[in-house]
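Both of the next two complexes hold chain A, though its partner changes from chain B to chain C.
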Partner chain A sequence: MTRQEIEREIKNIFQREFEIENPGFDDDLREKYEFDSIDAIELLLEIERMLGSELTQEEKKQAMDIRTINQICDYIERIIQTRSKAA
Partner chain B sequence: MERRVVITAASAITPIGHGKKQITENLLAGKSGIIPLREDALVNRFIHSRVYGTIDYPIEYDFKRSHRKTMGPVAYYACQAAKEVLEESGLPQDFITSGKLGVSFSSIHGSPTVQRDIYRIFFHAKDKAEYQNIGAVEYLKSMVHTTAVNITKMFGITGRVISSATACTTGSQAIGFGYETIKYGLQEAMLCGAADEYDTTTVAVFDNLLACSTAFNNEPHRTPRPFDKLRDGLVVGEGSGALMLEDYEFAKKRGARILGEVIGFACNNNGGDLILPNLAGITQTLKLGAENAKINPQDVDLISAHATATKMGDIIEAQAIGAVFGDNPYVIGLKSYIGHTMAACGAIETIMTLYMMEDGFIAPTINLEEIDERCAMIKHVQKVLSQPVKTAAIQNFAFGGVNTILLIRKLA
Partner chain C sequence: MPLIKIISKVYNFLITSLLWAYFLFGYLFLLLFLFLPAIVISKNVSAALQNINHVHLRVFFALTRIFIRRTKFEIPDEVRQIRSAVIVCNHISYLDPILLVSLFPRHLTIVKNTFFKVPIFGWFLKNTGYIPSAPNEMMGAAMINNLEAIKKHMADGGIVFVFPEGTRSRDGKLAAFNKGVFSIARYCKSPIHLILIKNTNMLFRPGTFSFDTRPFNTIKLNLIGTLEPDFKSYNFSVSSVAQNARAVFEKNLLHS
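Take a look at the complex of A and B:
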């Protein structure tokens, strides 16, 4: 997946699942949209669906400090890279 | 120092309407909110009782997603009633979030609808993806204090939280414990109440105990029949009731509209059987209530009886009322309109009593056509009375042998 595709898909997820329309890439999701730990867990399930594979417990824990759309996209890119290297 | 406690706002969602206007109109019209049990594709095909006190009208909710995500049906009812009460109270936003306002709210066991979904996954999950659907959200929707904490979250309330779940005395305890919290100076105000959602497992429990009404399945509006010769059991219902309780001096100072004063509360236990009504236990509750309110029992004008319309429960309650209050107060069974709304009954019945107190009438016990002679020692009401009410008692009794009485008074 390209960065652009990841960004597009994440924005779709935010609109569809969290009713957050077109968030800014560097908006603090917690501050601006009340995106909380419950939403974060739900987002991880959506990311697993997007990647077509399960995240490890360690990978999930790494996501807990994420605050912005850009950080989410960085996180997904990192996972894709790690997995392609491992493959 | 003991402080006086007043009620400054109240709202209810009930099988006979939402809010004071609808509820009062239907009380005056003698309208029943009992309709046929809904199909649920679960156990209800086995249930003998085919009636339910149902909220079958639309309610317009405008809760945002960040709130909706942790709410099951019971929390929707609770938060809507709480929202209306906060608006009606006129309490300013800075007070609501100051820590001086607490919440005393509960339900009998959270959201059974969500619990059923959890157990469906628990017993039938085929893979990890399905297992992952048991998440924090499901717990937050189904836990027993889901109503109280969804209210605190939605309105930013930071004071005490009490969420006592004692079956049919949940709502009356919520008000009673809220009253005591203010009375003894622990909070300035308490948002109190209870809710329960449509749930056939509750019907199944009472049905298997032979405590549900079955003889009027084809004429739902004719049951339940508190104190009537033909009564054949309770009818389960759903709903929500919320009240704002405040320190009297605080309410007076801010110019709040005062609907009534809570003058007493008592709660005890039968200390034995967890199901059967107990004359000694209930009689003692009523005596303790009058003592707590520092009134002569003869001063009570109106009693909203628990009156579920079970064979023994109504007789025991009538005997207890007769023993403590005599035949002076009018006695009504409001479940005849709405069924037994479980956790919510104490809150809803208190609110209905307040409405009658405010408007100067007493709604009759509907379906009370021929008084059971074993319940005849008290003053029943069989038609609408235009009658001022100064002091009223609201009685509720629960599985587990828990008994409560609340006493409220109209301010002069």
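Take a look at the complex of A and C:
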């Protein structure tokens, strides 16, 4: 999955699940869109669906400090890379 | 008949005071003699506290049945036997949550986060495993740990009941649904049972102190639907599950 594909998919998720149209990639999600922890959980479940497999507890915990869409994309890229190295 | 009205008001006040006295002093008694030992002895503290709370509130409703003869309860077995699921309810009276606790020994629910700051009571809520309503109260790893605890609770047969409107309806109309509980159901991959609560607001009206013991009233809890979404489907959306659930309540409220 390329960075562009990840970004496109994340934007789709934000539009479909959180009704946020065209969010800025460096916007603080909590401050600007009142994104809370339940939303973060929902995002994690969407990421699991996107990756086609469940996230580990450790991976989930790492995601809870994410604040921007760019950080979400970095996080997904990092997981894909780690998993492909491990495979 | 002003005299009858006065007598009726006095009777309502006395019965209400008696029931709330049991409710409050019962908690103090339980706190000293059951909750504290449970914390020391029990391996699963939250399960023990849930069970004690459940028994206490069962007694509360048994007393309600004894002292308020005109109020009946109609709760079918299909509701009482629900296990390992999320229960979504409408909310019309303060009695709703305690009625649900009286039905389910292993239960969790979402509680207003301000209650967690009340001395002793907040401690009890936290140890029972109840979930604060403002998710910002449990950020980061705590949130994941809490969700994992909820998942285990449901795997052990527990239920999570939630009022997605967030507050009591004053006019019987359904408010917008908060999506949070549906995200919890998705995380735990649990079915969602929809229960319509009727007439608790006739016994204990919002904005009043006393129970209204006069009218012939039947409090009903009806299972009006069960949602078992395909959480893994590409088309799955929490928003649409929340909308479907709300539509089922709307339809049933319209026909009730």
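Methods note: the second predicted complex is superposed on the first by the 87 of 87 C-alpha atoms of A that agree within 3 Å, B and C clash if a C-alpha of one lies under 4 Å from a C-alpha of the other, contacts with A are read in each partner's own complex, and residues count from 1 in each chain.
Note that in this section a residue touches a chain if its C-beta (ideal position, glycine included) is under 8 Å from a C-beta of that chain, and two chains touch if they have at least 3 such contacts.
Since the structure is predicted, the reported quantities are computational estimates derived from the model, not experimental observations.
Once the complexes are laid over each other on chain A, chain B and chain C cannot both fit and instead clash. Judged by the touch definition given at the top, the superposed model places A:54 against chain B, while chain C stays out of reach.
Once the two complexes are overlaid on the shared chain, A:41 sits against chain B and chain C alike. Once the two structures are superposed, chain B and chain C can be ranked by residues of chain A touched, with C on top. In the overlay built on the shared chain, the residue A:16 is in contact with chain C alone; chain B does not reach it.
Once the two complexes are overlaid on the shared chain, A:64 sits against chain C while remaining clear of chain B.
Once the two structures sit on top of each other via chain A, chain C runs into chain B at 238-246, and not at any other stretch of 238-246, 256-264 or 364-372.
Looking at chain A, you'll find residues 19, 36-39, 41-42, 45 touch chain B in one structure and chain C in the other. The touching residues of chain A, counted against chain C in their complex, run 16-17, 19, 36-42, 45, 49, 57, 60-61, 64-65.
Partner chain A is touched in their complex by these residues of chain B: 64-66, 69-70, 128, 132, 135-137, 140.
Against chain B, the residues of chain A that register as touching in their complex are 18-19, 33-34, 36-39, 41-42, 45, 54.
Chain C meets chain A in the complex at residues 134-136, 138-141, 143-144, 147-148, 179-180, 183-184, 186-187, 231-232, 234, 236-239.
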